[in-house]
């Protein structure tokens, strides 16, 4: 482990986790407001400015951040202060860590830690996210927050299962759990012309994965843990920066989901028919990284559009959906994949 | 005793009763402008036309006497049309003045137009122009355009005030009321001339533009300007007295009151004593009373006899409470009655004695068997302890001298008139803020009610007498209005069998004497009214007592 | 916190020892409009007991109304159901006119029908939009509010204010309809139908929405009648009752429209009934535009309506009538009357008592929400916490009306 | 013309009905207090008046003679009394008013019950139609009339600590209520929670 | 008989979630792209820079009208404060030197914290002196004192009155 490697890794961590994920997450807060506004025939955020530059309202995330920093950090009476302070961090860290294994471009240079067990790492770390919501709700000493955290725990655990099972088909097809290898695998062509992307070979798994991962992320239509009109959510008692962390973690998680979906189902950094092995270097590599970013942005957009289209489920309906529909369907998907693979 | 039918209802009246009076007694509404129960009949407005079986065309009901077997219809088509026509005619030259007119709201023309005509104007010509807003007297303004020439004011000045100063001049649409050249409407009852005006032609200068009449609340009270004690209504707005108008009372003042009494309220808010004072320093009321009680007890212990100066502005209850306290605590006390000096009497209402309750005080003192010492010589005796009550000390020099001569003195007054010479000064309520009864010169007991709320520091006399009594160890018992009135009915001969609630708006005559005959002369009015009014008062009295308790 | 709960809720036997949770839902809860508190006893997410507590917006309307003249009550009525204030105006003035025993002019009747239906559209739009909002769909809400905005502009054009309209007067109206009201209305209608199509695409056949609303908050017909339900909530239960048909007022008996009724009385039926009622209202307005006669809008009696300004400024007769009406108010003869109109949420009744003076002796409002709220308890017990919100919304309780 | 419900009630309960009238077309029955439940049940069962519309009350106190706004005969605009008179009323002070509607008949009926001030109790109509529940609570809240047999007679619009019954005519228009202490608002310390 | 509403049957299309979600997303995306690319659908008003015109009947800030000579048309008849349900107008009347007018307000104050803009004062005015048709809405202020509009303030928004003292046929 030489110094260059260390420095490079650090640089990658900073670039990917903090620059890419955080900035994209922050921009997404603007994006969500702007998108919802446009959908609803409004203009949306466009007022905050630095020296008269509004940049379509892109200054708003900065303003929001400043506001969050300067607001009173309120801890309710009777709260467990330690856990109350811990919870937002617990919520924030896992989605950032997940980026360690996401390949942004061809080759090991574009991934922080090219683990062979990448997907398993993601599940392992992603499962940690439950603690943030659960502890945050429980430690607030508020009945509504408690209800929210209970919902969060139940929902996230339930969907973890089907989310994992969805991807088994992908593993079976590509024969690996390393994300880099899965991406390389998607560079192949089916029948000589169709890129063998995950969405092509596993369309059902893609829909199920998106559903499950959005449920995992507690976003509409699965935003029951923070259903603002019913129980107000596990983050009810949070304010200022702590709330901002919860808020930001949600958006970083959108990026994570988009990145995972792009990697697993949309060929990662692959541009169809162009340099499937990722060895070309030069502008092609740049284009491949850009393709990855583009796919991530598109998938983020899809998630946002869904958020602004659908009403919210009810708690029992979410559980029913998770256990009665998604899980059997995922299992069915595995069986079908296995059968097809066996037949081929 | 003719019996007649009005709108099918039968009534038997005295000979010489006018039809309009009979209708009033029955409660059948007949509109009128020129007719006034207290004035001679002129029958010139024609508003009160009714149909009778005695004449082919409508006749003015204020002018026609009731006859036996007469049948009167007050609401036939013909009558209604006649009223409408009369109103249209009256309004022909009436200026569009309601916004600037003080009468709006109590204007007979407004009410009757709304009730009996309420049709749009058919008039689209220039209106006749006449002098506007002329000050025809020191207290009255005349607007000729608004005048409907009913001549009520002319008749009032001639017949009631005894000062024929007004006259109608010109004729037809040019007619208007004026004073004789070089004279003014300055008789002491000139404001009543404005009162009787059914429209806003004559308005009171004192009240001019001060307040709109519909905002005001009226309180039935008694005028304290002279010993006649005219029944008045005190109109207030936002806890301020705006004006005083006479109230009908056949026992006392008929429909009238003098100008002096009606403007007297201005002086009662000047120079109020704002806080209790001990030797010139403002002090808390209770604290001052504590000290005073202590000092007084000490002085009485030394055997000093106090002199008590009562004021004829005190209500009977207050005086009674004071006397009964000093009677028990200081049996040898000397009593004297202060008050204002006599003025000149006239033949209408004003009496020489300018104090409202001297008769009541005398009655109470008599019942205790107390001889009063004349106030003018009180200071000569140099009483060491002087306790003075009073709303107003016109004879203040004498009272002041007595107070100055004393070692220990206490003044209970609404106004700070005696100067800084006393040991103790306690703020009291003014006559417009007090509950109680006054007895006038002719023995009519009437109730005084608070029209405005007293300042916080000021207290009703019997309240602090009760407090003082408690501190002196001789509690009065029930110190409320009803309680003390109950004691008075037991103690005082004239009050025997009286009930506070029975003292209606007209008061109760306690004794008959020669002076009554004079007041009786122009008694008129309708029979129904006393009954009605008594009923009314029953209600209000009950409320008052409840509030007071 | 803990309270005794039945051993079995929803037929589930408990095998674990759990305690019920008592929580205050509201008054500061986003779905409770800041005006209601429901004291909930929860077994997990299931509602075991509920006690709605109202009164947070109580302003003493009925006491205030006794203070002034009869006309001075009109601005207060704006603040009853503040989503459809015009209907309140119409209801109150209709009640006073009933006491006065006067017949208002034909044109006035048609205009009152017109403004009532506009207000009803606003009211239903709000309720429908909020029913989406309460289950988390924000977009349809804002679309609906945009369409409602168009109607508010129309109302502002007619009445001079969007919400605090105070448009009707005893015996007539403040103004006749303004120039160009018809064109403005056409624009509104176009926008309305476009928006309704959008909303229906997003909601009506969406399974998530149906799941949230269908068979939730069910109120059966018989129960609904017994609770005193009126309006869309009653009709959704399948009872064909509409004040406009049952006791026609104004000119509703001359107009042709259907009363939509629902199948089971659940939230989804209430949503559908409201959507259909918007269409029926449009149908009524079309007929009003076709039939509305020319003529005066105020009754020809200066003792009831203020004289025209021209007469007031220039003639003493007008001036006096004006003064008398402002100072003393309309002199309403002694008596009592109950007058009901079909408000946005049901039968909006005014029970007035006059003692013969110029002031109301007693003004009582029968707010439709009041009866709906007392039935709410039955609708939410046994359901889940999340069901309270759409159910509470679908009865469309308006704080200003229920608390008065 | 269909028959009026009030006529049927009068025929059926001649003892209990005080009077019937149809002022302004509103079908009205005035019944004695004891007969209220019977009449309501009769209306529900035999006349099909199934829908409870409204319950309210009228305090007739200010209708006492003379009324509150009694004016001076010479100056009619001026009120001579500043407080409502507490005069003697002819008849009971309160009138509880029930409105019911029949869907099948399309008719509305008003049932009025005079109640004395000294004994402001009325049998509850909730046993007949449960929809009267909150309306009766409101009447209790605003007028202090108790409903005998009401399952849940609490204040509904006002808070439990409220003193007096505001829609009574002797309750002042600008009245003030005593301030209440709010438990648990001293600092951040909530009872029962350890720091 | 009422008309039964059309209640969608839960068929496969509905049961399987996706078709309707897809339809919804299509409609939402339609709004998204239409607004983004053509920028026509926006309803937002950029308020302080951009204002919509109020209807001519809009009841906004009060104004006091004046006569030809610029003096206030109001004669302090108090009808507006009588008609005001919110009790927000306070007037003090006084005499003027102009003998034709006699009476004018010395003080005319509107408490905008109490005012509910019902327009009853405008309706009650017998002299066309007070109007609410200034077309401006009330702008909030920081202090209570600023919410009181005095005579000068109200006059500054005023215009010539259409009514004449004493009427047209004087």
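Order of writing sets the chain letters: A, B, C, D and E. Residues in each chain are counted from 1.
The rule is short, and it goes like this: contacts are C-beta pairs under 8 Å (C-beta built on N, C-alpha and C of every residue); 3 or more make two chains touch, one makes a residue touch a chain.
No experiment lies behind these values; they were computed from the predicted model shown.
K.L.:
Out of curiosity, which chains are bumping into both subunit C and subunit E?
P.N.:
Intersection of subunit C and subunit E contact lists gives A, B.
K.L.:
What is the minimum number of touch steps required to go from subunit C to subunit D?
P.N.:
1
K.L.:
Taking each chain's centre as the mean of its CA atoms, which one is farthest from the centre of subunit B?
P.N.:
Greatest centre separation from subunit B goes to chain A.
K.L.:
When A-C is set beside B-C, which has more C-beta pairs in contact?
P.N.:
Per the contact counts, A-C leads.
K.L.:
For subunit B and subunit D, let me know how many angstrom lie between their CA-based centres, rounded off.
P.N.:
42
K.L.:
Round to the nearest whole Å and give the separation of the Cα centres of subunit A and subunit B.
P.N.:
89
K.L.:
Using the average of all C-alpha atoms in each chain as its centre, how far is it in Å between subunit A and subunit D?
P.N.:
The computed centroid separation for subunit A versus subunit D comes out at 61 Å.
K.L.:
How far is the middle of subunit A from the middle of subunit E, if each middle is the mean of its Cα atoms, in Å?
P.N.:
Those two chain centres are 49 Å apart.
K.L.:
Indicate the residues of subunit C shared as contacts by at least two other chains.
P.N.:
139, 146, 202, 206, 208, 313-316, 319, 322-323, 327-328
K.L.:
Which residues of subunit D are in contact with two or more other chains?
P.N.:
Residues 77 of subunit D touch two or more partner chains.
K.L.:
Enumerate the residues of subunit B that touch no fewer than two other chains.
P.N.:
Answer for subunit B, listing residues that touch two or more other chains: 95-99, 104-105, 111, 123, 214.
K.L.:
Which bits of subunit E are touching subunit A when the two form their complex?
P.N.:
Interface residues on subunit E, with respect to subunit A: 18, 21, 24-25, 27-29, 31-32, 35-36, 41-44, 46.
K.L.:
Enumerate the contact residues on subunit C facing subunit D in the complex.
P.N.:
On the subunit C side, the touching residues are 54-55, 58, 60, 62-64, 66-67, 98-99, 101, 225-230, 239, 241, 246-247, 327-328, 335-338, 340, 347, 349, 351, 353, 355-359, 361-362, 364, 366, 370-371, 373-375, 403-404.
K.L.:
Write out the stretch or stretches of subunit D touching subunit C in their complex.
P.N.:
Going by the criterion above, the answer is residues 23-26, 50-54, 56, 58-59, 62-63, 67, 69, 77, 97, 99, 101, 103, 106, 108, 110, 129-135, 138, 142, 155-159, 166-167, 171, 173.
K.L.:
Which residues of subunit B touch subunit C once you look at their complex with the stated criterion?
P.N.:
Listed in rising order, the residues are 91, 94-99, 104-105, 109-111, 113-114, 117-121, 123, 214.
K.L.:
In the complex, go through subunit E and note every residue touching subunit B.
P.N.:
So the residues of subunit E in touch with subunit B come to 75-79, 82, 93-95, 99-103, 126-127, 166-167, 169-170.
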